[in-house]
Every structure is written in C-alpha cells, then in structure tokens.
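For reference, the structure is listed below as structure tokens.
Residue numbering begins at 1 within each chain, and the chains themselves are lettered A, B, C and D in the order written.
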Amino acid sequence: MRFLLRTTVILALLLGAGVAAQTEPPPPVDSVETPSIPPPAPVTGLEVFDTDDDHGHSITLTWELSADDGIGQGSVMSYDVFRWYPPLMDSLAARRDKIQRAQAAHARFRRDLGVAEDALGDLLSGDREFSALRFSVATPTDDSTFVLDRSFVERALRDTIQVMSTNLPLLPDSIRALQEVFESALERLPEAHKTYPTGGTWKSVGKAASGEGRFVNSGSKDPMSGDFIPDFTDLYYRVDAVTADEAVRAESVIVGPRQSKGQWFNGGRFPVFWAVIIFGFLTIYFVSRARKGAELYVRPLAGIEAVDDAIGRATEMGRPILYVLGLGTAADVATIASFTVLGRVAKRVAEYQTELIVPTYDPIVMSVAQEVVKSSYLDAGRPDDYKENTVFFVTNLQFAYVAAVNGIMLRELPATNVYMGKFFAESLLLAETGALAGSIQIAGTDEIAQIPFFIVACDYTLIGEELYAASAYLGREPILLGSLKAQDWAKAAVIVLAIVGLVAASFEWTTFTELFHVTN
Amino acid sequence: MKRQVPLVLVFLFGLFMIFQYFVPHESSEWVYEFLLDWIYIIGIFALALGIWSLYVVSVDKIKTRKHDWKYSYITLAGLFGMILFGFTARHGDEWGWFLVFVACVLLTIGMIVQAMAAKTAKGLPLALAGVFLIASILIAAFDDTWSFYFYTAEGLQSTMFRAFFDYVMMPILATIFSLLAFFIASAAYRAFRARNLLASLLLIAALIVMMRFFPYFGSTVGELIARTSNWLMNVPNLAAQRAIVIGVGLGIVATALKVILGIERGYMGKG
Amino acid sequence: MKNFFDRLMRLDRRWIFLFLIVVCVITYAADFEVPILVEREVEVIHDFVDSLPPGDIVMIAIDYDPNNLAELHPMTFAIIEQCWRKNLKVLITSLSQNGPGMADQALRDITDSLAVTKTYNGKVYEGREIVNGIDYTFLGYKPYFALVILGMGQDFRLPFPTDYYGSPLDSIPMMQGVLNYNDVACVIDLSGGNITDYWISYGQNRFNFPLALGLTGVMTAQYYPYLGSGQVFGIMGGLLGAAQYEDLTDNPGLAKDGMRVQLFAHIVIILFILVGNIGYFMERRKLHRAEGR
Amino acid sequence: MDFTTFLWTTFAAFVTLATFSFLYKDNPFYKFAEHLVVGVAAGYFVIILWHNGLVPNLFQRLADGDWYLLWLNSSMWWYLIPAILGALMWTRFSKKWSWVSRWPMGLYIGISTGVAIPLEMSNRVSKQLYATMVIDLAGHDHAGGWWDYFFGTGLLDITSGLSQVLIFVGALAALIYFFFSKAHTGLFGRAATFGIWILMIGFGASFGFTVMARISLFVNRLQFIDQNWIQNALNPENMIDGARWPYLLVFYAVVLLIVGYIVFELVKHLGSKGKATASQ
C-alpha cells in the first residue's frame, strides 16, 4: 500500500515537474459517402527514373493522364503515388522514433532530476511550504483519509531522485546501442528491397492533382528523418488514379526496380557554368592586356570625381569624414568593393591628415575595415596617425545602428559622408540626416529599392554596377580597369543575345532560348 | 606569411566554392554546409571583438570627457544588463535579490570603467569594484530564487529580457523606422525640383504614382492617373530593375573574381 | 515678394515635419470621411455582387494570415456585409493555416454589425439577424489547398464533409442542392500569398467561374496581367482597394480611416513639392532677370 | 492592464516620443534613447548569438566530448576547426599577433566570394537574360491576333506587346548606360541617354510607391501611443488595489515632463531669435 502510494506520488511529481505535454492526435477526417462512381481508367505509360541534377534520395515519376481525367471535369480527382516498403523500412521507422524518444527522455530526465532536487532543497531549507512547491502533487481522491505530509513528500522526492539518478547514466549507453542497431539496419536496406515483393507493403508517398502527369518523390538524405529515401536501392512504384470516392481507384502497372543516386554535375546549370568560365577568361585576358600596358579609356563618373574634392573640402573645413560601409556583412561582395573604396579614401585622408570616422555594423566588417584603414595609413607613410578607434563597432541591429550614426552626424558634423555597400530601409534615414548636418554626400549601393532615396537625398550617387567600378576608377590602376572592359564586353554579349533571343522566341525557335534557360 | 597565406586561402576556398555550385552530389553538399557553418561560427566569435570595441569606445569617451560622455554609461548599462538578463532566469515568481544582484554587477563594471577612465587615483574605484563584485558573487551563491542558464535558453524567456525587448528595444527601433515618413517628405521637398530633364522625369513619375490616391480629379482623370501609375510600376520600373540587376550581377562576379585571383586586394589593405 | 520665395527656398524642414505631424494626428483623431476615387477594377466586383438576385451564393476565400489583416480584413468585412444586406448567401473557405480562427471571429463581428439598423448617406439598412447555415456556411481549413480547390470543383463535400463547426454539409439548409462552383455566383479570393495563383490556375482555369481578387498592396501590381487576360474580373489592391470597396458599399470602416491619414499625408507632401518648385522657378526667373539687366 | 505592464508601456511611450524629438533637433531625450538602444541592442545580439548560434552550432555538436581532452574525442570533433579559426580572430586584441586574424578573414572572404560568383551569375545575369528574351512579340497564343495583342487597349495596357517591347528596349538602353569604357557619344550616347531616362522614371515611380508604406509606419506609432498608452492611462477600469491615482500620476508626470521640455525649448528658441541659428 505504502509503496503503491509512493509510486503514485513519484509519478505525480514527474508529471507535475512538467513531463513533455502529450500532443493531441489530429481529428480523423470524416469518411465521405458519395454515390458509387464507376472505376476510372488507370494511368498509362508510367515512367520512373532517378531525378536528374540532384543530390540523390529522389525519384521522378511521369505518366499519361487517365482517360477519365477531365482536368477537374472527369471522374479522376487526383493521382496517388505509391512506393513499396520492405518490412525493414517499418522496423527502421520504429527504431528511429525509439531513438528519438530515448533522446527526449534523456533530456527530460536531466531536467526533471534538477527540478526534483530543487524541490527537495526548498523542502529541506523550509523556505517554502511543500504545498507551495513548484509541482502539483496529485492526492488520490478515492480515499479521503489519505493526507500528504511533509516527511512523506520528502521521502517520495528522495526515491524519485534516487531512481532517476541511477537511471540517468545508463541512458546514453542504451541510446548508443539503439543507434548501432539502427545503423546496421540501414546497411541492410538494399538487400531488404531486393526481396520484393515478399512481405512488404505499398505506402502512399504523395498526391498529384488531376491534370498533372508528373510527381517527384524527393525524400530526405538524413536517415533519422521520416521521409528518408535510400540511394542505390531498388525502389518500386505505382500510381493510382483516384476518383471523388477515395475507395474507387485504378492501380497502374508497377514499375521497378529503379535506383536514386546523386549526380556529379548539375546539367541544369550549364548556362551558368559557361557564363562563369567565359567571363572569367574575359577578365583575365583584359587584365593581362592592361598589365602589358594597353591604354584603356573609361568615361568619367561624377560620383568618383567627387570623392577627392570632398576630402579636400573636409580638410579645409577641418571637419571629419564619415564613411559608412552599410549593413552588409564581409560576405557581401558589395561590402568588399566598399572596402577598396575605403582603402583609397583612408589613404587620401591620411595624406591630408583629416579625421576619419567609420562606424560599422558587423564585427568582421569592422576587423577587415581596421586592417584596410591601418595599412592605408601605412601606405601614406603616416602609421602613427592611425587610431584604433577610427573604425569601431556600433551595434548589430539595423535601426539601432541608424540611431547611433545619425547621432554622430549631428554631433561631429562631418564635412563629407560616404555611403558605400549594402543599404536597406535606413538609406534615407542616414542620407536625410546627413543633408541636415550640411555634409556633402556620396552614396553607392546595389540595392535597387534604395537607389531612388540616395539619388534624391545625396549629392552624388553610384547606381548599382558603378559601385563595383568605383575601386578601379579611384585607383586608376590599369589592372583594375581591365576588368571593367571585361564587364562591358559581357554587357554587350547580354544585349546581343537578348535581341537574338527575342527574335528566336517570337518565331518559336526554342532550341536557342533554351540554351540560356537555367533549370534548378 | 602575413599577406600571402590569406590570399592563398581566399584563392583555394573561392575556387572550391565556385565548382561546388555545379556539383549537386551529397559529399559536395556536405562540405558546402560545413564551410558555411565555419564562416557562421567565425562570425559569432568575432562578435567579441565588436563588443570589446563598443566598450573601449565608450570608456574612451568617458576618459576624454568627449561631449555627451555621460551617456556612455547608459550604453554600457544597457549592454551588460541585457547580457545578464539573457543568461539568468527566475524559478518562481519572486524576485528575491535578483535586481540587487544586477545592480551590483553593473556597479562593478561601472567602477572598472571609472578606473580605466581615471587618469590618476585608480585605487578607490577598483576597491569599490571589488566590494560590489564580492557582493554580487555572494548573492549569486546564496539567492536561490533565480539561477544562471548558459547552456539552455531559459534566459530568452526571462521576464526582464523580454520586457527590455518589448518595451525598450522594439519601440525605439520601430520609431526610428517610422521617422522615414517625415524624411521621405523633406527629401521630396528638397530634391524634387525640376532642375533639369532627369530631375523632372524623377519628379513627374513620383508625383503621378503618389497622386493615385487623389479623388479630386473626377473619375476619368483619376482612372487615367491610376492606370499610368500602374503602368509606370510595371513597365519603366521593371525595365530599370532588369538593367540594374544584370549590371550588378556582372559587377559582383567581376569583383569576386578579382578578389579570388588576388588582383583586387583592397580588402586586405593593399590598395 | 521675392524674399518670400527666398524664405520658401530655404524653408527649415522642421516646418514640414511639424505640418506633417499635425495633419497626421488630426486626420487620425478626427473622424470625417474623405472622398474615395473608385477604380474600375474594384467597381466591377461591387457591381457584380450588387447585381445578384437575393438567395444567390457568393463564395469568399479568406486566404490570409493575421499578419496581413490590416489590409485585407476591411475587404472581408465590406464584401460580406454587402452580401448579407442584399440577402445573398455567403460560402466561406479559409485555406491559409492561421486563417480560420480569424475568419470565424470576423464572421461573428459582421453578424453583430448586421444586427443593428444603420443609415449611411440617406440609405437605411435594416438590421437583421444572421443565422449560420442559412445566411452563411464556413467550411474552414484543409491542407493541400491545390487539391482542395480542385476537389471543390467536383463537390464541396469532398474536401469538406462537414463545415468548420462540425455539422455535415448535407444537414445545412443553405447547402441543399449546392454541389460545386457551378452553384456559386462567383469566387472572391482575399489573399496575402501564392494561394491566389492556385485559385487562378487550378480553380478559374479549370472550372471557369468568375474570379475576383483582393490582394495586399505589394502583390497587386504583379496580378494586373490576369485582369488584362480576363481570367480575373476584378482586383482590389491593398488599403486603397479596401477603402474603395467600403465606399462603394456605404460601409466606412478601418480602410477608410486609414486612407484619411494616407490621403492627407500625401497631399501635404505633394503640396510641399509644388511649393518647392514654385519657389525654385521664381528664383530662376529672378536670376534670369538679373542676367537680362 | 496591470500596473507593472503600464509602467513598462509608459516607458515605451516615453522613449518613442524621445526618439521622435530627434525631428526637432538632437536633444538629451534623443541622446538617452539612442545610447540606451545601442547598448541594449548589442547585448540582445550577444544573447541571441550565444543561445541560437554558438550553443546549437558548436557546443551541442561537441557536447559528447570531454573538456579535458579538448573535445577531440567528440563525435563531431571537426567542428573544433571553425572554433579555432574563430579564436584566431581574437589575436586582434594583441598588436603583435593581429596579423594572424587575417587567416580566418581570408577564409571568410574566400568562401563568400566563391559562393557569390556562380550564384549571382545565375540569379542576376542568366535568369534575367532568359526572362528578357523569352517574350513573345507575335502573340502566338493570343486570341485577338497580332494587332490586338500588340496594341492591346492602348499605351497604358501593361499586357500588350507594345509594353513588352518597351520593357525590352528600356532594359537594354539602361544597360548601355552602364558601359564604362565607351564614351557616350553618337547613337550609343543617345541610347544611353534614353537608358538614364528609363532609370530615372523607374526610380521616381518606386519612390512614390514607397511613400504610403512609410506613412503607415508612423500611423502604427500613433496607434501605439494612443491605444496602448493614453487609453490605458485614462481607462477607469485600470486600478492597482482600488486606486486609480498611480496610473494618472505616472501618465501626467510624463506628459508634464514632455510639455515642460517643449516650453523650455520654445523659450530658449525665442530668446535666441535675434541671433543667427545653426543651419538646420
């Protein structure tokens, strides 16, 4: 009797200690009673093959529509795709959730043990009534004589803690054991599928709407997830034509064995591949030509010319220059381009001995920017003028950053603000405040949505691609200018191809346009 | 060693990532995901640098008595307070000594700041810092209404953390965002002047799109304006975007190539 | 006079801010009605519903989440109230996951607002009691909206054997003899996501029923092509469209309130732009004269 | 709304107004809000990156290792590499060794640029090119025939072939504008000029389109001040054990503070009326 009570209390404690809430099973979908429909014609010409250009674990099915598929008008409402599961798949699934449950239990035990120990602590230190403990003790309502007293709860707690702390260390090993079994079962999957059709069951792996003759059964590559599809394994498929009445359906022929596997080249990306290769060679070619000293013309860009004057102006006024790298991380090429510009600006600043302020949004951007500025001062021959706090970190949230930079603008009153890199909604907030502070402003971003605001609020704006040209312009180094040439040739190519493609498309000559079609 | 190694790293990893894109196979996928994890984790580690920089700059302000230096205390308090709230959580509903503890920790940090900022006589603040530190340690040790959570995320749900998020951070950020309503107006006022053809085009397009609200022109003109603004959004705007996107794409690829090939070393400082 | 324009030219922007704040606050606080210019693509929806004989069924798909509520809820209110005033019956689905609860709440609210007699610019709308199952049926939510949209083309009872509240469709008076899209006058899809594409391609394309759309402001532009191709007979875009519909149905609500602020803020901004330009041109005239002399 | 929540809301309303005061000029209230949010945001980010970044991405992966073996025995020991690289970033704390931090930086930039090249080439160039070329001028699948298709219902018909052509030509012209190594002269120059027109019209349109969204942002703040703060302060049902005054006290205190500051500023402003004010 005593023991029974204890166990109840232990369980109660566990429950009270917040055992993971049981999730409600979804309500069953009511069966539909509809007038009997004649069985439809099955699908024909079922094709099953490994999905191309992917990492495997995926099979594509195509078929001709059932004769009764009126695209919604006929009796076929949808297609049900089935795959054959060997018994092992089921046991695999069973083991899978066994492992997951074990892991969950492990985590829970850890927590519950903590809770129980805290509870015991509170009880012993007596700073809380046991009735006010952080769990609900379920008193068995049937016998009213039963009274839950302090010492009893304490003993119960001790038992609980004892039981749990003895079991807890064992769990990891048992989990590991389960996992080993799982692994071995995983290895046996291919043989298991070879035993088709003995034993196994057909399971629906998905539905396709009427009028659709294609279905991709793409599973996870992670064996621990439910929709795992093994590679290099014989898979068998069939497709049912399903009518309004789920029960009335026509099975197709069974197609198999088919195996899924990963590809080593993604054919769908050929156009990109060629584009990158050709463009790469263009760049290298023009750069090397530039190295040899071929003279290259570049048309002037107002925004770029402005930079030098702006720095001069700042020097005359004896006011600092504010350089904002934007919200990009060092992973954004726009920011990397901005680093180069910053390098040039910093060099001039060092020469003119003006003050430079670079508030940054991302720690890595800050680190890189510090390197850039430092070595620019080095190049300018003024390493001692470099101060660590020239480039500093503000904060990592968009508008907090804006708040800080706006504050800087109104207090330091920089003569010039340069915004280069990635900008989002803050573009106008910054640019307007800058204008308020009466600074000359030069902006450059590749964020289309923000360009209008910069154009409106800044004195000079580098539109999109011009940002990437800026570094080359500022340096005037032939090597860098060479790449501009490559970009221009690429643009010319784009224009020509677009025109040809337009004509081709209008005459429905798709073979040409498809050359440029990037699929997946 | 100092410059070459980084450039070599850039070249190797860059080249690998380019070709990885064309290899859908699982193994390449695995490497890809792994490498992305790398840079993510590197980024997190780097945050320490950022916070340090923030701290140093604030202390520096206090030290040099730069204008508004007093406010730096608020920044530091917000910073460390938020960190504390994020790592602690109450068990029950009582506060216990938690807030006292927070105060002690903040005072400790404040005293350390003072010591760093002070030009002379660092002794007293340091001593006080020690006192507050001991006090906070004592509270942490003996007050069991709350505890630290470093490995699990209770902190994210703790009352103070949430309160500071909901009632301090969010309102300010949202308000700064909403300042745009005014700046868009003032920017329009200042810049939308028909100085030349381009400015006029900008101005007119903007006006038409903004005027699609206006009920005062009667239905025919209104209809016309509505359709025009619709057309402006769908035809010239689309064309402009296409051109910019293509241009930017080429710019990005060119710059990235230059970086990988070591032609462009601006990001390493060698301009 | 000319130094007035000088002042105009370098007018302190804080006057603009102040002006804008004042106007926004006033228009937000005061409740007067602003005239709304009704665009054709919105009017056709209203006229279509308006022209239906009492007893007809209008199908309304409430396919948006609470986070698009601000823009799309006003449309829901306006349309359903219009239908009920005209004694039309409403068939409602909600194919977005977080939609149903919100839709249910909306239905209750509209029912309440129908209970009282209202008068808008002269017209009197007798209040009446709205009965679930007679005036409307709320089918609720089912996953795989593509398949649901198809299934309803066959028979509403396939995806929805029962309505949202669990009563079998056959037991609902309003659903007697109502089989599929052929029995509804039109479908109005209020959506903040890609479900709209499926209503067009799976629904309208295959069962060609009249389809109208209510969309969020950002989505609107990209669906106009469907209007051109005639697959959609009407579009309501964002708060603006909602306000227009409220205006058409003499049922001013949230959207019109919102439009009040929007409209006047826009007027202020445009006003300042014009003022700035006038000032600018005056300056230039002055300069030219100076050169002339 | 209970009193604590109300106090918090009041503070939220206060900082909201403080932030708005920036519109008048930089002032103590704004400075307070600004410095506060900078610190809080930084702290918030530390916490988020710790709990949602470092713990799941690093610690939990090394969890089954032992610290005294430096986690080398953990099942995902290779995650030590990024950890070490990350730690290398910290060499920046020292002047002497800071150059080491260039290694992780180089790695970082190498990976990200490498990822960018094919991705951007695909998304921004190849796909856009395809989208630009596959428009069907002849309107094959159009019932009305070529003429109807091309002119549609007039110039403003966005589905007509004419508009398609305009998009096409406009895009190419705008692209021509971006040529760097060719002088904008002659026919080329004219094309470029047309391109910049298109760009400007596009920019103007998207500027005008954004205004509405921005204004609704401000309206949301108004609603917050009005509904969450003022209405709760004046709501007679809000009581703290039977007393209304705490709510009103707090409310009016804040109001007084704000009004007081405004008056103060006005007086100062009128006082300095004679002198020239800073160019705002």
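Note that contacts are C-beta pairs under 8 Å (C-beta built on N, C-alpha and C of every residue); 3 or more make two chains touch, one makes a residue touch a chain.
Keep in mind that what you see is a predicted model, and the values were worked out from it rather than measured.
More inter-chain C-beta contacts link the pair B-C than the other of B-C and A-C.
Ranked by how close its C-alpha mean sits to the mean of all protein C-alpha atoms, the top chain is D.
With centres defined as mean CA coordinates, chain C is found 36 Å away from chain B.
Distance between chain A and chain C, defined via averaged C-alpha coordinates, is recorded as 34 Å. Distance between chain centres (mean CA atoms), chain A to chain D: 19 Å. Per-chain CA centroids place chain B at a distance of 9 Å from chain D.
The multi-chain contact residues of chain A, meaning those touching 2 or more other chains, are 269, 272-273, 276, 279, 329-331, 333, 336, 364, 367-368, 371, 394-397, 399-400, 403, 411, 436, 448, 451-453, 455-456, 463-465, 469, 484, 487, 490-491, 494. Counting partner chains per residue, chain B has residues 18, 21-22, 39, 42-43, 46-51, 54, 68, 169, 172-174, 176-177, 179-182, 184, 186, 188, 190, 192, 202-203, 207, 210, 213, 230, 233-234, 241, 244-248, 250, 252-253, 255-257, 259, 267-268 touching two or more of them. Within chain D, the positions touching two or more other chains are listed as 19, 22-23, 25, 31, 33-34, 37-42, 44-45, 89, 92, 102, 105, 108-109, 111-113, 115-118, 120-121, 125, 129, 132, 158, 168, 171-172, 175, 178, 199, 203-204, 206-207, 210-212, 215, 218, 280. Taken pairwise by the contact criterion, the protein chains are fully connected, each one touching every other. Only residues 53-56, 118, 121-122, 125, 134, 221, 262-266, 269, 272-273, 276, 279-280, 283-284, 287, 329-331, 333-334, 336-337, 339-344, 347, 360, 362-364, 366-368, 371-376, 378-379, 388-389, 392-400, 402-403, 411, 425, 428-429, 431-433, 435, 446, 448, 451-453, 455-457, 463-465, 467-469, 471, 475, 479-480, 483-484, 486-487, 490-491, 494 of chain A touch chain B when the two sit together in their complex. Per the touch definition, chain D reaches chain C in the complex via residues 23-25, 152-153, 157-160, 211-213, 215-216, 218-219, 222, 226, 280. Residues of chain C touching chain A in their complex: 13, 144, 146-147, 150-151, 153-155, 157-158, 161-162, 168, 202, 206-207.
Against chain B, the residues of chain D that register as touching in their complex are 8-9, 11-13, 15-16, 19-20, 22-23, 31-55, 57-59, 78-79, 81-83, 85-87, 89-90, 92-93, 99, 102-121, 123-125, 128-129, 131-132, 155-156, 158, 163, 166-175, 177-178, 195-212, 214-215, 217-218, 220-221, 224.
Residue ranges of chain B in contact with chain A, taken from their complex: 18, 21-27, 29, 39, 42-43, 46-51, 53-54, 56-57, 60, 67-68, 91-92, 144, 169, 172-174, 176-177, 179-180, 183-184, 186-188, 190-192, 202, 241, 244-248, 250-259, 261, 263-264, 266-271.
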